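In the two complexes below, chain A is the common chain; its partner is chain B in one and chain C in the other.
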Partner chain A sequence: MLTELLQGADAGGFVIIQDSIRCSGRHLLKSFINAALHREEAVHVLGFEVDEEELKDGVKGSAIDRVHFHNAYTDPLGWTDHPAFTVHQFCLEELTHLVKQSSHSRPATLVIDSLSWILRHRSPTAVCKTLHQLRKGGAVRAIIALLHADMHQKGTEGSVCHLATSVITIAPGMNGDQAVAKITKRSKSGKVMQDEEIFNINEDFTVIVQSKLGPKNTPTEEKEVDPTANLTFNLRLSDTERKAKEKLALPFVFSKEKKTALLHSGPGSGRILYEPDSNDDYDQEDPDDDLDV
Partner chain B sequence: MAAPMSGVGKPSVTSFQKKTRSKLISIAGTRPSVQNGQLLVSTGVTSLDYLLGGGLAVGTVLLIEEDRYDSYSRMILKYFLAEGVVCRHELFVAAAQDNPDDILQELPAPILDDIAIHKPAEQPRLSSEPQESLDAMKIAWRYQNLPKVQSALASSCRFGHYYDVSKTMEPEIRQAAKFHRFYVPEHPTQSSPTHSTMPESYSALLKSLQEVIHREGFDLAAPMSNSRNILRIGLHSLGSALWGDDLCCHDNPKNGHSLTTFLYGLRALLRSSLSVAVVTVPSHLIQDRALMGSITRLCDNAIALESFKGSERETNPLYKDYHGLLYVRQIPHLNCLASKLPDHKDLAFKLKRKQFTIERLHLPPDLSETVSRVSRGELSGAAAVASACGSVTSGNKHLDF
Partner chain C sequence: MFTELNSILNASPDTITQGEFILISDRKSDASFLIHHFLTFYLKGCQLITGQRKRSAGLPGGTERVAVCFESSRNQHRESSGPRRRSHGLPQRSCRRPEEPLRVRSVQFEQFQGSDGAEEWGPPVLLVDDLSVLLSLGVSVGAVLDFSHYCRVTVCSQLKGNVAMLARCDGEEEEDDGDDEGSERLLKGLTHQCSLTLHVQGLPTGYCRDIHGQVEVCWRRRRQCEGKYTQKKLFQYKVHDKGASFFAPGTSSAVL
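After this line comes the complex of A and B, so read on.
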């Protein structure tokens, strides 16, 4: 599922990468950026935690000019006179303006590094509202955010993840360079899919999925047992026997005309009016359904 | 049991009219409770109606504590609204995350009988059908033309209907219902309302509700006319961050009493009008259990849903037939001393295509070898080693014949 997410978030998607101090999610974030650049999209990065060079390190050649880095690293709270991007500018109007002025006709992906930083300086309700409006607004096609799970109260983290369409939780893996990703994806129809994968990130930020650990509910396959086998008597029908069975004239089988005459009975025949009450919570799964009579 | 028919275009089978007592208001889709005479409406899920004592009393609030991914609580809300459409009640939907119009688009299709109320095109089809369907049933051909559902009454006379989740309700049926909406992003709030006890969205919602109730004549104080109707109110995900409430975000919320104040106002509004409300709250995000307790007390009926998806219970073989557990937190006692709580506390639910079933969860008998019995085997095993004449092997410790 990780590769699907990387290859194309559907429009209006909101992906949250949850990491912790044990395992950083920034490499996976850079993989997402690279994948978006591959798709010829414009990427807008709100960088609060690392500076421009470090984030752009690893992005190849010509794609660099499609990455618009909004520098919130040098002066995020606006202490100097001319801040590049402050945390107070994280609201719908400013962000839409920012995105529209730099990416002309391409679909834009907004990458937030990191959402934890914004949550520490703005109220969670305002942040949630802005994210929700951004998703519905249409100025950006997809939003990818990094969230440090150990920095927030459970309620805050839960509220923000509740808004997301996919949440990827990263934990350290067995080997040094491997990590385990637990992915929860909510589709538009309300279905929830979960997966757990071990992955590796290369030098050029492509992700290799090593193996899938989940999904946890692997259905156990049961072989269909043929009940007519291994019996001392014969329960099967040969072809001639089956044809004879079908040819058999059943009692009370009438000709077509008589059937239609009987079916379209005239008015005045008795009708049964029945109102099912609470005891008749009827069940469609009739156990006698499979009787092939 | 004969009942008056109100289907359009259907010849009335009986001329028997039930003599209605003048005291009880007879509104479509409601019936008096057998326990305390309250007017009840169906929630749309017949098993839930049974748990709540026959249905939801008019003038009360049902609180649904959402499951983790809000799939089943949303489903129950949709059932509630779909029931309102089928019974010709009016609807009021308020939501912060999804547009109320989108919620209405997703309502499940009711399983109606083959009575052509809304689809006049169905009648000519019936005459041409017997040609091919005569071959369909070889032995039971007399039953071919009868509708599949046993009941032949028009659907709006029944209490509680069944819905097919795989199909959405047809637009003609949906548009016949009157619908009021409240979508939070459409009511912009001024920034920094920190001095008020309620976030602006809640007070705006209460005002809107009051205005709708008064304007459409659901007030009990309004003069009694013959045609009264019920207003069904569905409030989705109240208390979440998108309503402007920090109840779910902080462990010690600043305006912790905003939702409780709102619920108090809502209940007062409902008690004086012919309406019924279903409220869903994402309780898994609320860390303060005492606050959750007071929210439960302020609503009349309260149930909680816990879905197995994503938890370790998913692989537990005990739960393999079900989608989640259901807890009944509270049942009101209206005009009586005590209410009838359901007998069994362990309830599990399952969303099937045509029904949302709530069943009692029982453990299957434990037939495994490791079931704990009085370990006489160990004693006899020790003795057998000494005497060396028994056939006790280590695997058969628990079987003693």
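After this line comes the complex of A and C, so read on.
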């Protein structure tokens, strides 16, 4: 599923890459940028958290001309006299104007690094509204955003992720080279698909999916280990011992033989002689006669 | 300066990596000995700017390359020190916007660049000890994170220097808590910004006379050519009178 998302088959898609302090999602974001460049698309990057040099590190060749980095890193809050791009410019009109400045005829892919920076300074309502308008407006083909899940309250994170067509949550893998991606994808029909994959990223930002951990895969059953093997004492039974064990009547089980012995007392056992007097309501019939004992 | 820590970080005063943002943090412990390490480390090759809440009487000799300043929007301090030190105080900003007490201007950092013209100094280094004090002064977490971002932009990206900041955390580590305590959220925000973290905490098994705690070193946001993009290592340490020793868990001299 991760490979399909990287191929970017769906137009109008909104992909959120959720990371945390345990595992950064910026390398996967760069993989998405590289995949868009391979599709000959223009990529517009709103860079709040890293500078242009670090973001373009690894992008080689002529594709680098199609990366339009909008510098929101140097002065995102407008503290200087001439800020390039500020967080307050994150609205439909400004972004549409920004994207249309490039000379490409095809709609571009918008990359946001990161959405957490914007959510710290703008209300979640305004951010969600802008993202929704961007998706429907047609100025951008797809939106890919990085979100630091551990920096926001669950409500804010949930609201933004609800707008997304796909959410990829990154977690550290077993070793430093691998990471685990939990993917939730919503199709246009409303169907929700989930998957979990282990992947690693090469130096050229291509993603290699190592294995899938989704619910379809059942864990292989381990061969049962005999607990009575390799002991210094014997826990096993021979055939005669097993037969004697099976014949043994347990003391508190009410078996058929015990019931017969109780109901039909043998010779020499005690008898109860009962002579009712005038006040007794003695009924000859056995009150337990209807019981199936 | 701790030579063992230099070998762990693969760093040397002669070949300082530029543009690094180092976060030093501690949880129920004291990581100020690491600030001392970086102070000494950078003294050898860089022009040093320190923002400290304590008076800098403890600076080692030969500190003619140190410019000491106290950054505050409310009070202006001037450090009058010995003849071998230069001191600068940041000019008090006019508080046109009281909600932005930590507004950083790059021109203030440029004042420290070769102002005497006598010698060329190396790239600047900003040390902050400690950032959590700002939270106790009533500054919001968002404002502190904005401040650290602009410090990184100015010192690391524009002036090609380095930044090292200390942040303290008193509570237990809480995961998936939407209503984080300020220090926890500050720590997470700084971790996302930095390229190297050194997190100091006590031993999970409790107090030990020969091992004073453990340090988790995490390299983040490395260049792609360097291979693994996230690398973590755990070390234990013991602080002596004149330094500190670092060793892998279970290899303390008291055990071996």
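As a working rule, the second predicted complex is superposed on the first by the 212 of 293 C-alpha atoms of A that agree within 3 Å, B and C clash if a C-alpha of one lies under 4 Å from a C-alpha of the other, contacts with A are read in each partner's own complex, and residues count from 1 in each chain.
The rule we apply is simple: a contact is a pair of C-beta atoms (placed from the backbone, for glycine too) under 8 Å apart; a residue touches a chain by one contact, two chains touch by 3 or more.
Small disclaimer: the values here were computed from a predicted structure and weren't measured.
Contacts of A:His121 after superposition on the shared chain: chain C is touched, whereas chain B is not. In the superposition on chain A, A:Asp57 makes contact with chain C only, while chain B stays out of contact range.
Of the two partner chains, chain C is the only one that A:Cys23 touches; chain B does not reach it. Contact comparison for chain A: of chain B and chain C, B touches the greater number of residues. When both complexes are overlaid on chain A, the residue A:Gly138 reaches neither chain B nor chain C. When the two complexes are overlaid on their common chain A, residue A:Glu203 makes contact with chain C while staying clear of chain B.
In the superposed model, A:Gln194 makes contact with chain B only, not with chain C.
By the touch criterion defined above, A:Lys154 lies against chain B and chain C together after alignment on the C-alpha atoms of chain A.
Overlap of the chain B and chain C interfaces on chain A: residues 153-155.
Those residues of chain C lying in contact with chain A across their complex are 100, 103-106, 142, 145-146, 149-150, 153, 157-158, 175-176, 178-179, 185, 188-189, 191-193, 220-221, 223-225, 228-232. Across the complex, chain A meets chain B through its residues 123-125, 128-129, 132-133, 136, 153-156, 158-160, 162-163, 184, 186, 190-192, 194, 216-217, 250, 253, 256, 259-260, 262-264, 267, 271-276, 278, 281-285, 293. Against chain C, the residues of chain A that register as touching in their complex are 21, 23-24, 26-27, 49-51, 54, 57-58, 73-77, 79-80, 116, 120-121, 148, 150-155, 172, 176-177, 201, 203, 205. Interface of chain B with chain A (complex): residues 1-3, 11, 13-14, 46-47, 49-50, 54, 69-71, 74-75, 97, 130, 134, 138-139, 141-142, 144-145, 150-153, 157-158, 160, 185, 240-242, 244-246, 248-251, 282, 284-287, 309-310, 314-315, 352-355, 357.
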